[in-house]
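There are two complexes below, and they share chain A, which is joined by chain B in the first and by chain C in the second.
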Partner chain A sequence: MNTTNKPTGLNLISEPIVGALILKISGELDASSSLDFDVRLKQLIAEGHTHFIFDGTELAYIASAGLGVFISNKDDVYDKGGQFIFFGLREGVQNVFNLLGLTDLFTFVSSQEEAMDLLA
Partner chain B sequence: MIAHYSVICRREELKSIRDRLGAELATHGITGLLRDQIVLAVDEACANAIIHGNDCDENRTIRIEAELREGILTVRIYDVGQFEFDPKLLERDIDYFIRNKMKGGLGLKLIHAIMDEVRFDLVDGVCVCTMIKAVPAS
Partner chain C sequence: MPDTLQRFPWLKPLLPLAVFLAWGLAAASSASEAYEGPYVLLPWVSGVVVALFYTASLAFALVYDQTPKPVDPEILLRNMLVGGLFTLTLVLLSQLFPPANRGPLAYFTGEVYPLLACLPLIIYQVRSFVRIRHLIDERTVSTRQWLRTMTALLFVSAFAALFPLPDLALFALFALAAVPAFSLLFRVRWIGELTQSSRVYVFVYLFLITWVHLGLVLWFFVEDAHDIFFSQAYQNPFPLLLLIFNGGYALMSLLSVLFNWPMTAIMERRNNDIFGFQSLHEQISHQGSAEDIQELLLDLCYRNSGARAAWFTRPFNGGQQVQYLKRGEVALGQISRWESGLRQQATAEVVEREGHLYVRNAAHHEHLQDLGTQFKTALSFPMSVNGHPEGSLVLLKEHEDAFDEYSIRMLGTYVNQARLALEKNRLVAQAVENERMKNEFEIATRVQENLLPRTEPVRTWVNVSVAYRPAQEVGGDCYDFFEKGNDVFIVLGDVTGKGMGAAFNVAELKGIFHSNLDHLEDPEEFLFRVNTAVSACFDPQIFLTLVFLSFRPMENQFIYSRAGHCPLLYYRASDGQAEYLQDKGMGLGIVRTDRYRSHIQVNSHRFDTNDIIVLFTDGIMEANHPETGEEFGLERLRHIVARHAFFTAEEIKRRILDDIQEFLGGGRAGDDITLMVIKFQ
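On to the complex of A and B.
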């Protein structure tokens, strides 16, 4: 388990499991913190990770800059057969994905177990 | 007037803008998802003004005003920067942003999805973003 705690108010905990990486995002993903998040996600993709399970249970807020990180990195993952799976998103965060019609772009499930079942 | 303050043009101010506005909206009976969406729209507009309009120049400020009158919330953001956008972006569907891996422009789409009316005016060299939203009576 690896923890990255930046002064931007965003905390990332990455936990490799068989066939995927669980990335727990805590805090607020806005136009400030998304810069660090983008760098970190690109690092993980460069390290060879392709299947990402994002734990959104502690993600309190997301702005368009945060969505942009997922959108701009999507092809680099999906082109290698990987995917972004989200679970545990709070209503307000899920609503931001919904407002922009992004619900078909990524996979959303209710629990970590359900996410892992998709990869089994 | 339920809010009237200025902030320095740096990204780190966005959280304080959200926290402050969210608290002020709550005291006026605007809560839950509606409050979250209004805060998001204002956050996006302020991010545009700070980042794109003023290049995060910490010598500059933006001013935020919000008023609630007869069920109509009006938020105005004033900045002296040169925020410009292509209005055609608003007509693009989300696939256009995805194909082009665009990070920008999504904020404007969110603002328009949330607010009832959005205007950008240039008044005496100051860019004024006006966002209007009808809210239920508290």
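On to the complex of A and C.
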């Protein structure tokens, strides 16, 4: 468990194409910060955005609660033909996704450009 | 004395009868003295009836004393005044009639009427004495002894009326009575309890009572007592002692009220302060809420300090927002300006001591000048509870330097009391919460332990040893063994979540396993069905990871599927290598449709004698070193297993646990630790 005390933020970076958002997740996604994260994500989904690109370069740690947020919201996005795309995840965090088998569910790339290419 | 009526109920009708009888006889005997003839009674009979009259009156007044307790001096003195005016009127009425020299009217006004007037006089005097006893009574042993002495001496002087005493004896009696009287005359402590409103009334009443007694004494001496009591006025110790004592005490009280006039304001203020402390203390003992305590503090400080305006700032929402409770004529807009002004450093007219900030003249304060036109003095008490700043109390007065040292000290004490009450409140709430959490942990642990199998399966070809160590807050770790004939099936898993919720999910999962026992031989089908059931039962954010193991000992093979769980650690005895098996698989409850089937991977693996499989949950992997924060990690586990592979499953398990314990340095892991060692033999 990381001991950094960075507050978790979900920050909207840009909307390069209509309906696709690039969101930066920073800090730790643990049991408490996941609650706010879930609310925010649901809000964005309700606003009608289709594709979500997550910049995980500053994501230090993800707990099962954090994973649960992605898992429970994926159907609302995927049913509309959207995707969850992750890029820049650190090794430890990527490992967590891998073990759980989420590489078959979400898309993982190494950079923002690659993510954009996927949508093109 | 009121118990006397209960103990001697026959006194009730007897005493008034005795009084009237005695008085009647006294009147009769006096009347008969004037005329010589057949109705002359023996002189000593008169003495007896008079003594009887005195004694009965005093006893009557003491026994029938109905002064309500607690004693209200204002009402008591008012009653005494009314009685006194009534008596004075009665005794003086006879003086109104023009003195006639002879004839029946002269006789009436000269002889009979004064005697008639003595009844109310004596009754009034004994009742006043009884009332004054109440005022004097300080509930100390010495006061009560003096009062008893005085009362006893009065009874003695009543007895002295039996026969005319020599002057020396009279003098001795007066001298003796002077001792308790003198001691009692100065016991006027009740004056200290007077409020500012009642002291005016009390003063007026005492003033008039003193004059009433003066009038009565004069009348007593002027009206030739010879006619009433067959002696000179001074030869009647009973009425005289009463008149002097009562009048003297009224005079002493009057002077004391006058000379202590300024003290009353101070006494009242101190009394209010004490009541204020009592109220605050009650809040401490009766578990008042934080809001109640704050409101009470504000009210007390506002009222007791005489401030014109006051407010209490209450931060909430983690200190991001502030709420104001206010009293007096100050607007909310002004309050925030005062607050920001007070926070800033200023040199002029500000005294800052521990616990408070005192602005002597806001008009000269650099940041409060415009506010200072309305209120010149400001006193601020910041309050912190258990080290956290919790708000502050501010009091304003119109004139400059309007709070004296005493007020500031007293207000500071109130704030401290309130702070203690709030701290206690906090601590109690915390303790209750801790107790609740402890209970929850105990319950969850017990539930979890009951859901886990008690014994490991015993087979000739394999040894299984498992350990479960719950964390501070129980998580969703679980494992189960299924035995069908000779076959053994093992599942080990981890449901997301903590506490009671996770324990319930584990229970549900166990139910789901047991309703699918028929499909254990087909791992893919088993996992698919479990996924379907879990998808229906669990909340959307809850999922689980799982390892499923079944064995084919005849073929030296085991079948396994890793549904998103930690990788299996496999030790090969043949080359002494331990490595994590590579495979794919997805957790359960993630893809909640039939599409999950495509994510299930079932693998088979060869095993030989002395090979080892180690299953675990991520509590082991993620156990943090208390100092470096480093994770225990997969590598370390791999090395330990490789190093101790020669031991039995039980031993290996124990050594791994010891290593983890050493790594944690005696601390507790953040997550449940479940460890299963399977050694083939």
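Convention: the second predicted complex is superposed on the first by the 101 of 120 C-alpha atoms of A that agree within 3 Å, B and C clash if a C-alpha of one lies under 4 Å from a C-alpha of the other, contacts with A are read in each partner's own complex, and residues count from 1 in each chain.
Note that contacts are C-beta pairs under 8 Å (C-beta built on N, C-alpha and C of every residue); 3 or more make two chains touch, one makes a residue touch a chain.
It should be emphasised that the depicted structure is a prediction, and the values quoted were computed from it without experimental measurement.
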Does the chain A-based superposition show chain B and chain C clashing or fitting?
clash
Please indicate which partner A:E91 is in contact with in the superposed arrangement: first for chain B, second for chain C, both, or neither.
first
In the superposed arrangement, does chain B or chain C reach more residues of chain A?
B
Thinking of the overlay built on chain A, is A:T57 touched by chain B (first), by chain C (second), by both, or by neither?
neither
Which partner does A:E28 contact after superposing on A: first (chain B), second (chain C), both, neither?
first
Just to be sure I read the superposition right, which of the two partners does A:Q43 touch: chain B = first, chain C = second, or both, or neither?
neither
Does the superposition put A:I71 against chain B (first), chain C (second), both, or neither?
both
Shared chain A contacts, counted only where both chain B and chain C touch the same residue
31, 64-65, 67-69, 71-72, 75, 99-102, 105
Under the stated contact criterion, what part of chain A meets chain C in this complex?
1-3, 31, 38, 64-65, 67-69, 71-72, 75, 99-102, 104-105
For chain C, which residues are in contact with chain A within the complex?
496-498, 540-543, 545, 563-567, 584-587, 590-592, 599, 622, 624, 629, 670
Residues of chain A that touch chain B when the two form their complex:
8-9, 28, 30-32, 35, 61, 63-65, 67-69, 71-72, 74-75, 91-92, 95-96, 99-102, 105
Within the complex, which stretch of chain B touches chain A?
11-12, 14-15, 18, 33, 36-37, 40, 43-44, 47, 50-51, 93-94, 97-98, 101-104, 106-107, 109-110, 113-114
